[in-house]
Structure formats: C-alpha cells, structure tokens
Amino acid sequence: MTRSAPPSSARTRTGNFFEDFRLGARIVHPTPRTLTDGDCALYIALTGARNPVHCAAPVARAMGYRDRTVDDLLAFHVAFGKTVPDVSLNAVANLGYADLRFLAPCYPGDTIRAESEVIGLRENSNRRSGVVYVRSDAYNQRGEPVLTWARWVMVHKRDPESPAPATVVPSLPELVPAAALTVTAPNPAALVPAITGSTDCWDDYAPGERIDHPSGVTLEEADHMLATRLYQNTARVHFDALAMRQSSFGRRLVYGGHVISLCRALSYDGLENAYAIGAINGGSHTNPTFAGDTLYAITEVRDRWSLPGRTDVGALRLRLIGLKNLAPAELASPTAPDGKPHPNVVLDLDYTVFMPRKSRQ
Amino acid sequence: MTRSAPPSSARTRTGNFFEDFRLGARIVHPTPRTLTDGDCALYIALTGARNPVHCAAPVARAMGYRDRTVDDLLAFHVAFGKTVPDVSLNAVANLGYADLRFLAPCYPGDTIRAESEVIGLRENSNRRSGVVYVRSDAYNQRGEPVLTWARWVMVHKRDPESPAPATVVPSLPELVPAAALTVTAPNPAALVPAITGSTDCWDDYAPGERIDHPSGVTLEEADHMLATRLYQNTARVHFDALAMRQSSFGRRLVYGGHVISLCRALSYDGLENAYAIGAINGGSHTNPTFAGDTLYAITEVRDRWSLPGRTDVGALRLRLIGLKNLAPAELASPTAPDGKPHPNVVLDLDYTVFMPRKSRQ
Amino acid sequence: MTRSAPPSSARTRTGNFFEDFRLGARIVHPTPRTLTDGDCALYIALTGARNPVHCAAPVARAMGYRDRTVDDLLAFHVAFGKTVPDVSLNAVANLGYADLRFLAPCYPGDTIRAESEVIGLRENSNRRSGVVYVRSDAYNQRGEPVLTWARWVMVHKRDPESPAPATVVPSLPELVPAAALTVTAPNPAALVPAITGSTDCWDDYAPGERIDHPSGVTLEEADHMLATRLYQNTARVHFDALAMRQSSFGRRLVYGGHVISLCRALSYDGLENAYAIGAINGGSHTNPTFAGDTLYAITEVRDRWSLPGRTDVGALRLRLIGLKNLAPAELASPTAPDGKPHPNVVLDLDYTVFMPRKSRQ
C-alpha cells in the first residue's frame, strides 16, 4: 500500500503543482547545507576550476577575504538545489532566470539555506500548466543574504480544472547594473599576474572581442551525477536512466548548472583575472547536454564598466557560450541561419565578472 | 619470484582461511582512519544523502551534538572495510549480520579503528569451507566504542584436510530491542519541519504502512568504486573487472553496503525526520547489483517503539527494500510466488531509526 | 573573431614552444593551491590508498608529524600539474624525470606553488622540435621547499625556421643516494604492526626479491578525469575525447602520474610499512593506459640502504612495475624478448621508500 501522507508532507514528496503556488507566498526550503573544504575539493575535481580565490587561501587573504572563498557557482548550485523540491520538481521546463546577484562571499564552514517568494503566476491557455515566477534568496548561518535570483518555470497543474489565479508577470531587469554589484574583495590588486598566470586586466578587454577558450572536456554519467548530488539537487532527470528512457531524450540529462560550471572553468584560460562573479543577468540552456558530449567554451565581451568609487577593480559583462562536440573555431555564430540557437550550442549565459584594473600593478 | 613472506604478513596479504580462525581469538584490524569534512562531502556526492544532522552544522548543534555528525552508514562502511582483509577476503559468501548498534556519534576529525572476536565456527559438511562468526567493534581515538555488530561469512579452507574445529554457533538476537538503543541527540526536538521538509514525526507512522520513495538512481562503475575505495574496503570483486570476467557474475559487483547507503538516501523523501540509525537488526543482499542498474527504495514500517524515559523521541523499526530496474509501484511483494526473493529486489534490510515525537513541536 | 591577446597572456593560453625557452630562465607557475582534508579524502577515493600516515591523524602524530600528511604523490601531482601549462602543453612526449626528492611533509592546509628553471636545451635534427630540461621546485606557503625534480620533454617549435639554441644537456643523477634523502618522521618506530597490518620491516626485505601485489583495479574515464582535474593538470589529452579521436590513440589517455598513484596504492599489500617516499629516481610510462584497462602492480626490491645516523629507519630502493590486463603471476619479465618493454607493462618506476627497522619493535 502506498502511504497516504498528511498534506504537508505530501507536498515535500510530490513537489508543488501550479495550483499550489499563491502569489506572495514565502517558502522556506528544507535541509540547510554546510559547505566545507570537502565540497571545495570535489568542486575542483568535478569542474577543473583553477581560480586562486577559491583554491589558494594565502591569495584570498592577501585580497582581503577572511579565507579562500567557496566558488561562486558551487554556492549558487547548492542554494539553487534547495529550491528544486518545492519549486521545480514538477517543472515542464526551466524557462529562465534573471537578476542573480552575489551579495557576500561564502567561506568553507558556512551554512547555506534558501527561501523563495512567489512573485508571479500565469496559467497557460491550455489550462494544463502555468508559469511560476519566484524570487529566491540564500542566507548564511548568520542570516546574511549571500545570493538572490529570480527564475521562472513552467509547472504542471495537478488538476486542469482547478481555477486559474490572477495573472501577474513581474518586471525583471534585463541586467544587473554596475551600481547594483557588490565588490566583495577589499584588495583585488593582490591578485598579481604571477598568481593567475595572466597580466591581462580589466583595461585590456574590449567590448566586441571574442575569446575561444582552448580546452574541452568530455562528460561522463558518473561525474555529472556526482556533481548534482553534491549540490543536493534531486531533479530526477539527472539520475534515473530507467525513467528517462521513456522521455523524449531517452537518457539522463546533465544538470544545466553543471554545464555552466564546466564552461566557466574552461574559460579560465583567457579570463584568468576574472576572479569573481558579480551577477548573472540571464541565460538559456539552448540544447540538452548528455554524458559523452565534449564541451567547449567561447566568451564574448559585451561591456566594460567602471565601478563607482573604485579605481582598482572593474566589471566586464560577458557572454559565455557553451558548445558541444564542436571546436570553438568552427562556430561562426551561436545562432543558426534560421534564427534558432545553433544545434551545438548548449549554453548562452549573460554574466558579469570582476577584474583588477591596471592601476593595481 | 614471488616473495615468500613471513607468516604474520602472509596473513595480511592472502587473508585468513577457515582453519586460521580460532574461537575467542581477537583480531586487531590495521589502518585506522580519520574521517573528515572531505569524507562527508564525498559521501553526499556519492549517495545524495540530505539528512541535515550530517549536512548542516548549526542544525546538529541545535540538537545537542558537538558538531554535525558523520553519516551513520559512512562510519559503518569504514569500520566494516577495516575487517575485510582479515575476515572476509576469502569469503565464499557474506551470509548475514545482526545486532548492529550505533553507540556514539562520530564527528569529522574522529579516527576509527576496528577489532573483531571470533564468536563461532562451523565447518561445512563438504570440508572445503566453513562458517565464521565474528563480533566486530569500532572505536574512536579515545577508545570509546562507536559501533558494534556481528556477522557471519562462509570462508574457504586453505587445506580441506585440516581438522575441523568444534562447532560453536553463537546465539544472536533477531533484533536490537528499544532498551538497547542509544539515543545520541540530547535535543531531537530542534529538528523542526522547516529544516527537514516534513512535519511527519514518530506519531504519524503506523506499523504496516508502506512508503514508495519517489526517486531512483542509476549506478556507474566509477561511482561505486569511488565509494568503496573511500571506505577502504579492498574486496576485489568490486574493482577488478578482468578477474570478475571469470566469475559467475562476469563483471564487477557493487558493494552491498553502498547499496544500503543509496537506498537510505533515496528513502529521505518520506522519512525526512528519521535523523539517525539506532540499529541494523539484520539484512540480506538478495540479488547482486551491477553498474547500469537503477535503484529504487520502498520502506515498510514494522514497528513503532517509545523509548524509556523519552517523550521527545521514539524509534521506528523499518524494512528497507532496495529494488533494481523496477519502479516501486510495480512491486506487489518483495517475495516471488515461489517464496524466493523477487528477482528485482537487491536489498531487504531490517533497521531501526530515531524520529522526534509530536511533543517536540 | 579570435582574441589576439597581448604577448604575455598569449603565452599562458597556448603554452611555450621550444624557441620560447631560454637556458637559465626561471618560470613562476601560476595558481597556487591549498591542499585540504577534502583533497586527501578524494585521493583515497580515487586511488584506494591506505597508508596510515596519510589516513590516520593519531598515527601520524605518534610518529612525530604535526598532523597526518598529504600523500606524497598527491602533493607531487599538484606541484607537477602547476608546471604543465608552461612546460609541457605543447609537448610531443614526456621523455623522463629524475632526481625527484621529497624534502618536507605537506599538511592539510598547506599551499603549494611551483617554479621551474630551464637547465638544458637540445634542438632535434629535424628542426621541428627540441628537448627542454627543467628543474622544478615546489614550495609551501612559508617558502620552504617541499619537492624538487628534473624532467625533460620534447616540445614542438612554433616556427621550424627559428634559430637553434646552443645545446646544453644537464648531468642528472641516476639515483638519489641515501645521503641525499630527507627522513621527515622523527619517530618512525611508532608505526607498529597493529597499525599497518604487517610485521615486515626494512630488515625483512632482500634485494632481488619480487612481490606480486594481489589486487587489481579497473579504470574508468570518470575517475581518471576526476583525479587529473583534482591535480589541476590541464593537459588536454586526458579530457577531450573529441580531439583525441584524431590522435594515434583514438581516445583519452590516463595521466601517467595517476597510474603511479594507483600502482603505489595497489602495492600497499606487501609493503605496508613503506610509510613515505623519499625519492623517485626515474621512471618510464612504457605503454599508454586507457579507461577500461585493469591495473596490477609488481615490486622488485633493488637495494636496501641504512641511513646515516639512524638505527630506527632504513631505505629501500624499489622497482614498481605497473601492468595492465595481465595478472602479475603471468609476467615473467617486464622486458619482451625483443628487448622492448612488455606490451602489458605501463609503468616502470625506480623509487625509494622509508621503512622502520626491526629495532623499533
């Protein structure tokens, strides 16, 4: 006999359906997570990340951090993973995210928890699903906000007959402006070229230029599942090969966040001094990624911003393109002639990084 | 030339055979092991465990633990792995275990070592092997017992002509009674629903009910080997594909303990407040598990016990059924019509967990 | 458009070519790396290492270490990985290494950085490549040398027409003599047999004897890539299956250093008291290793040295043979009848370990 659980726990077990979301409702996501040196080591092993701010404690301390910091994306994936059981377990599709801001560094030993607020609802005309907009916030053990982001997902209805809520579509910024970025390092100038391997700094990157990052990495089922479990993301599309045989994909999907991490790590060669992510403005997972695919990365510099009151550090708005099974040099444009994303492009990410300025040297 | 080692080290290299075991002999198992944040992170990545007692230091401390604790099963696997070279390297079969009790929490930084005592011997009628019963104990660096269990294995004889020992079959309890359980958390009531994701507590589970846990996970060779190496379990059936081609299985076997860990992690959805394992009463690995198999879990509630002198926490005796390549809903019974275990059932575990009682809230 | 980077960063991105190396030049390799408990746990999971000096803090402390030490080879792989982008990214072949000395223990929390000096250059007669000899040194965060080694690699020329440098071939020692070894443990006698599982000590091993280690391990793509990323070694032959399809191997190569680690871990059974590596005298990766291969290990004892002023510890010079897809007992000699390495031999390593002497007991 299948357990008929009381309502409140049934929610945890089956996830929320469209009609379970109420505008303005605040969801406290369960299972806080302490991030440790163990998680940081695994993140390096899983992604190949080499940013010294996360790998080398003396470097981080010289920059004014208390200790080396947890990789921005590791902290994000863990915080994001917390929201999955409540927000997107019944998602038809993850439609987008916006206004992701990194507000404070996360250190080994910190404990992350997440909350979300429903900020928009729009039932689909077929009445079988709807779009849910949430604003999610992650906090450390002192209650300080470390991350915030908005995302919208298409979620199944449990019962197509249940009444539609009033349509509310929130206004979300196209990008996080320079004035809204939080520079966390007191002294980015300590990140000298001998440490990162590159003399290129903020001043050297010009809007419009494209960097074809030289390395590629082939994914395996074991490593994407290890990563996604580390992030405690329970979306079953990543783990259950038997169930996925029934899906249109026919097999397990790689968690899109892990694809971002791999592409960010690949982009180290050419962006060595991009020591922290300030914001993710938006992004799309334009095609699915599977085990066996080989990933490559291209960066386009979109913009170069000075930061209020800072002459030692600036921001670069970048476009990170992840492509599979095609060397960067062979990709003329991430958009196919028909206007759709190129079939080998799996990621199109708009994000902003911090980089020391020449004055530092 | 193969080294002809002195007797004492030859023992380490080839393992003990049936005639090497003497009733009452005490074996000090080599290579103590310090468990750290690194092991805990890997355990999460390998199993998907989400129990906040092991993942979130502030939660564990609020419950009265000194720090987050090492997952009960991680501590067990490491302790168990220590016994393999001496006890079961020449095992024909691991026949069973009983009376496994978790006596004290294990914290990151603790060092585990193990000893075993031979408590029973019975030569098989074919004289080519025999059954060895051992009681194993694991201790931390202060010499405090953290785990104890009995198990029995069928072990080859080196020489079929060597004389049979007197048959001694120990009496082992069918289960660990409530009075013999050690509640380690001073304040389980701190495990509030916002932390675990479920309001269900001890009072809400009824003997006889069945929980079909929703998630499944497909195993890979890389991840089961990583886990088994982490546990420093050297049984070669898990690692050597070339040698296993000669076996009846034709390939590497997944360590049964890792199957327990995966099923325990899968069972989090539906047993969110089962924050610690008090005992494992017994269990069988009813069918082998291989890479490529997809695991699912079912829990049956066997019994609900109050605990002497505690109104804040109770114990649930559970049956954890692990099945492969079959969704839980499709399994009517873990026993096939012929009385044998269902061919898709790989684990049938009888264990006892602690759960906060309603009074906590 | 591909970014045309300024010269200094172009170097980082495409690696040095033969004509970029100048005799006497000193290269400071980027991205220092803090090694933590997380890296140590991963190393155990990836290799199956069981040496208690690295696994058990109380044992290491009883031996006089401040804490358990980072596995010698883990420290080496990380230091070595740092040199790859500058030294061997354009290598045709890693020709050899010599005079690798372990100078100081590395502890969890230590940060490793590396520098190299060009000590020899010899252009090949075809003018398309040349051999570069470097001496590399790794330091901890206090600037203390922890490792030093020489290696030579054949590197492509960017432009075959560029002029040849004067030929300088450094004189490198065939082995590190006893007097040049650094014994790091003040009290190796604390490593008693109950801890390691063997009573065999330095006195018990005789030059000429051969030990066939009993275990084997099958490699997977996921685990060798995890290891090589953990070491932050970016050589693309290990990661990019698509690019490697064009190579003569047709697939990803396993990093030779990881093969050393696996064979060293396999050799624990039979060398339990070889608690630290003093030196690597030299070695060859005689055949490539691929995922799917099953590795085994054989040790030949080459020499037994007493150490100046020490009666408690001695050194053994060993030959570690790694073989694939062939049980040790089936290998009569690592050399084939035609004088070439046996086709199943992948590693032939000449190294020196420390082991307690009988007087300790």
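Residue numbering begins at 1 within each chain, and the chains themselves are lettered A, B and C in the order written.
One rule holds for everything that comes next: a contact is a pair of C-beta atoms (placed from the backbone, for glycine too) under 8 Å apart; a residue touches a chain by one contact, two chains touch by 3 or more.
None of the values given here were measured: they were computed from a predicted structure.
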The C-alpha superposition of subunit A onto subunit B, two copies of one sequence, needs a rotation in degrees (nearest 5) of 120
Under the over-half criterion for shared residue numbers, do copies subunit B and subunit C use the same patch or different patches to meet? different
Centre distance in Å when subunit B and subunit C are each reduced to the mean of their C-alpha atoms: 36
Where subunit A touches two or more other chains, by residue: 36-39, 41-42, 220-223, 226
Can you list the subunit A residues touching subunit C in their complex? 36-42, 44-48, 50, 52, 55-59, 68, 193-200, 204, 209-212, 214-218, 220-223, 226, 269-270, 272, 292, 294, 325, 327, 329
Would you mind writing out the residues of subunit A in touch with subunit B in their complex? 1-3, 5-6, 8-9, 12-14, 28-34, 36-39, 41-42, 85, 108-109, 111, 141, 220-223, 225-227, 229-230, 232, 234, 236, 239-243, 252
